[in-house]
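Paired with subunit B in one complex and with subunit C in the other, subunit A is shared by the two complexes that follow.
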Partner chain A sequence: MFGYIKPFKPYMRFSEFQVYNGFYCGLCKNLGKNYGQLYRMMLSYDFAFLGILCCSFNDKPLHFEPQHCIIHPFSKKLCLKDIEVLDFTAAAAVISVYQKLCDSISDTGLIKSIPYRLLRLLAKRGYKRAIRKYPDTASKIQLEMNRQLKLESENCTSIDYACEPTAQIMSELAGKIPEDREQSETFSGFGYHLGRFVYLADAYDDAEKDLKKNNYNVLLNYSKDINTAKKLADDNINMSLSMIAEYYSKMKIKRFKDIIDNVIFLGLKSFSMPKKQKKQKEIVL
Partner chain B sequence: MTDPYQILGISPGASDDEVKAAYRRLSQQYHPDLQSGNSVMEDIANQKMSEINAAYDEIMNMRRSNSSSGNPYIEIRRMIESGNYTNADNALEGNRQDTSAEWNFLKGTVCLSRGWLNDAYTYYEKAARLDPSNREYQAAFNQMRNKRSGQMYGNPYNTGNSKQDTANCLCNACQCLICADCLCDCI
Partner chain C sequence: MLNPFEYFGISPNASRAELDNAYRQMREQNKCDKNADSLIRDISENKLREIDEVYRQALGCISRGERTAQPPQNPAPAPPANNSNTQNQNTYNQNNSQKNDQTNKYADFENNYNKINALINSKNFSAAEHILLEYNLVGYAKWHYVFARLRFSQGWMNEALDNYKKAYELEPYNQIYRQSYENICNMRDGKIKKHSNKAAVGIAIGIGTFYCCCNVSPYLAETQSCVECLNETGITSVCLEPCADGISAYCNSLCVECCGGCPG
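Right after this comes the complex of A and B.
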């Protein structure tokens, strides 16, 4: 379910790309410092976007600095130095990754889930630390994940219901960013549809696999024909993207507007590109 | 039977307060006690008074049933306007057997407010189909259809956008002017 919120690189300025990566590096360092090395390896680009969103709302100066890291041992990469601004984002990443692990365990059989179980055992300590820092957010995410399991076991047939848990999680995370109530509501709405988008994009990508393996997929509950199912997902994704744009226009963003524009108007839209095509420089709009 | 509104001397569009005010004014004017002593006048006043009372009761009953059972949607609309979606939805669910365009439209609005876009689209579509002459339903459905076709408000990359074409056009005009200005300087 991760990896759908990302920039569209061909249309990105180089400086913007550096900032984006700088956030990713900063987040990675924050995870290493607060939650252990394991979580660093499981970090996805989605949370770099959440980090940028957190910082776009205020105008506290941020410092970037060329630094080494394990993945880039020889060349220095521009990295966000003030990693404490990413505390919330890091905790959100930890909680989500841990819940995702739990989800994978319950999805797979007993033997196949052994590696996940081992990982979860190792991840437990960091997760507990994140819960202690943000108990409300953690319990909300836990609640929604349970709801998702329940919906899946009931073989839910409504697209809107099926999207609800993921949407609510993202809504909760985004709503925490601004302090004043009105903006918080706008951010929640933005997050809701971002989550809805992520769930649908995931269902879209997995449709063929789920059909073959006879797994749960809400789209296949509407139609067993893969093209009809995908068209339905496409329509719903478009509606959610439109809502995202609507909420985004009301958000009082102070900086990184170009980066967020790129993610929202190009990055999200390119979700359906096949993995091979993603590397191409061709623009599909 | 004569029109109750005519008896009270008001239009059917009058507010509840106006109805009450008209009733009070007329009942003071025709009160039988004021005509005491003159038996003929007293009889007329009594008759007039009962007419006024009947008209007032009729109007009030009509309005009450309109807002409770006859047309419950006025109240639901009010709930939606004030952001009370949960109550509005409960009230709508209470009228599940109703398949009017209005019901579908309101249900669609409640769904939209919750972010349930797939349902919102379905309900709006139904409302627009059931009552093609209603502009409100058509506008709501068109908006949803635009969303579904991938329209994103404020998209800065939208090259097919006519706005950007105008901007390009203006840019070209400016360029031409600057070039012309340079040439003038040369000469």
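Right after this comes the complex of A and C.
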């Protein structure tokens, strides 16, 4: 579910990528400071994107500074200093990761879920702190996750209905970013279709695995043939991407437009590209 | 009444592309100058309306597969009646009353059509959904169209696509249904409407196809020009007149000269 909202590196300027990483590092520091070291390891670029969206809407000056990092001990990387602006993003990350853990536990069998249960025990303290800070967001996310479990157990066949919980979660997270009502509605719509995209991309990637293991996958409920299922996912993803672009054009973003453009127009669509190029192929220019 | 294919000067077995070409040519010939006399403009407008009407009939002919010289009739949306030819008087009366109920349901739906649209526009989705599912007029194009509109506004794109497709298949000569279906098909095929600089890069790398805001040309157009007459002077007045149904016609990036008014 995480890792689908990422930048398209081949066509991103190095300076933009440094800023993007700055947000990632800043989020990492915020999580370590407020929620414990465990959540630092479960960070992903998705939440860095949410952080950028949060900051793109206002004009508050942000300070970046080269700092050390445990993962990169030899070189300093640009990192965000004012990590308070990422409070909401950090809480959202903690809540989402915890709920995903619960989801994984209910999906796997008793023996295989032991490491997950252990992780959940360690993560519970940070989760409780996040709930205290943002209670309504947390309760909404919990509600939607319950709804997701219920419709999976009922073997839901409608794609739109199955995408609904993830879409509503993202819509809720995105809607909290701006302060005025009209922009909040646009951001909600943007988040809704982003959530649909994430769910469909996840289903697309897991289609083969789910077919073998006979797990729940809403695409396979339409047809057992992998190609038809993937084509259906492709169609719906394209429609959601179109709606994302439409909502995006109505959003009044003040800065970091280049980075957000890269993620939305290039990064999202490249989810089906192979993640690591094992061997560089010969190209002709 | 004249055979629509004869009107355009093409053979009855002409393809859709040939019909479109002939239609466009005829419109070009009958368009008058902007600064012409008001009498001449009236005559020209009447002629353009006539051309549109005959084009719609020709499309209807093609979709029904009728290629003879028979003049087509305007098909009215007839409610599917539950008729059964029995000798029994009671059953006959019962069938008649069932037919009356169904006709009442359709009439009721027509009366509430504007109300349902207003609910969708004000984002009151659950109420609109409840009313529409109560009617459940599957097989009636208008019902499918409004249901598709509701699903589209809610974000349920798969059901919206299915219902727009159904509405178009049931009434293919209806320009609004055709345009809505074409629009959502473009979205499904990866043609993003709004342009951006990164979109140009997307074309170069081969990630998706990006269309300009008119959804017509595959290159990025900075000017919002009318796709028919490429009128680049000033802002294009796109057709936003509410049609007879009470909902606005779909914005098809045509200036008022070329739009030819609302088909309703």
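FYI, the second predicted complex is superposed on the first by the 275 of 285 C-alpha atoms of A that agree within 3 Å, B and C clash if a C-alpha of one lies under 4 Å from a C-alpha of the other, contacts with A are read in each partner's own complex, and residues count from 1 in each chain.
Everything below uses one rule, namely that a contact is a pair of C-beta atoms (placed from the backbone, for glycine too) under 8 Å apart; a residue touches a chain by one contact, two chains touch by 3 or more.
In this text the structure is predicted, and so the values were computed from the model without any measurement.
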- Should the superposition on subunit A be reported as showing a clash between subunit B and subunit C, or a fit? clash
- Item | subunit B versus subunit C as contact partner of A:159, first or second or both or neither | both
- Query: Is A:106 touching the first partner subunit B, the second partner subunit C, both, or neither of them?
  - Reply: neither
- Query: Should A:245 be classified as contacting the first partner (subunit B), the second (subunit C), both, or neither?
  - Reply: both
- Message: With both complexes overlaid on chain A, does A:11 touch subunit B (first), subunit C (second), both or neither?
- Response: both
- Message: Tell me the contact category for A:270 with respect to subunit B and subunit C: first, second, both or neither.
- Response: second
- Note on the structure: Check: subunit A residues flagged as touching subunit B and also subunit C 11, 158-160, 167, 189, 192-193, 196, 235-236, 238-243, 245-246, 248-249, 261, 264-266, 269
- Item | For the subunit C and subunit A complex, residues of the former touching the latter | 151, 155-159, 161, 184, 186-194, 196-199, 201-202, 205, 207-208, 210
- Message: Quick check: in the complex, which residue numbers of subunit B touch subunit A?
- Response: 111, 115-119, 121, 144, 146-159
- In the complex formed with subunit C, which residues of subunit A make contact? 10-11, 158-161, 167, 189, 192-193, 196, 235-236, 238-243, 245-246, 248-249, 261-262, 264-266, 269-270
- State the interface residues of subunit A toward subunit B in the complex, per the touch definition above. 11, 158-160, 167, 189, 192-193, 196, 235-236, 238-246, 248-249, 261, 264-266, 269, 285
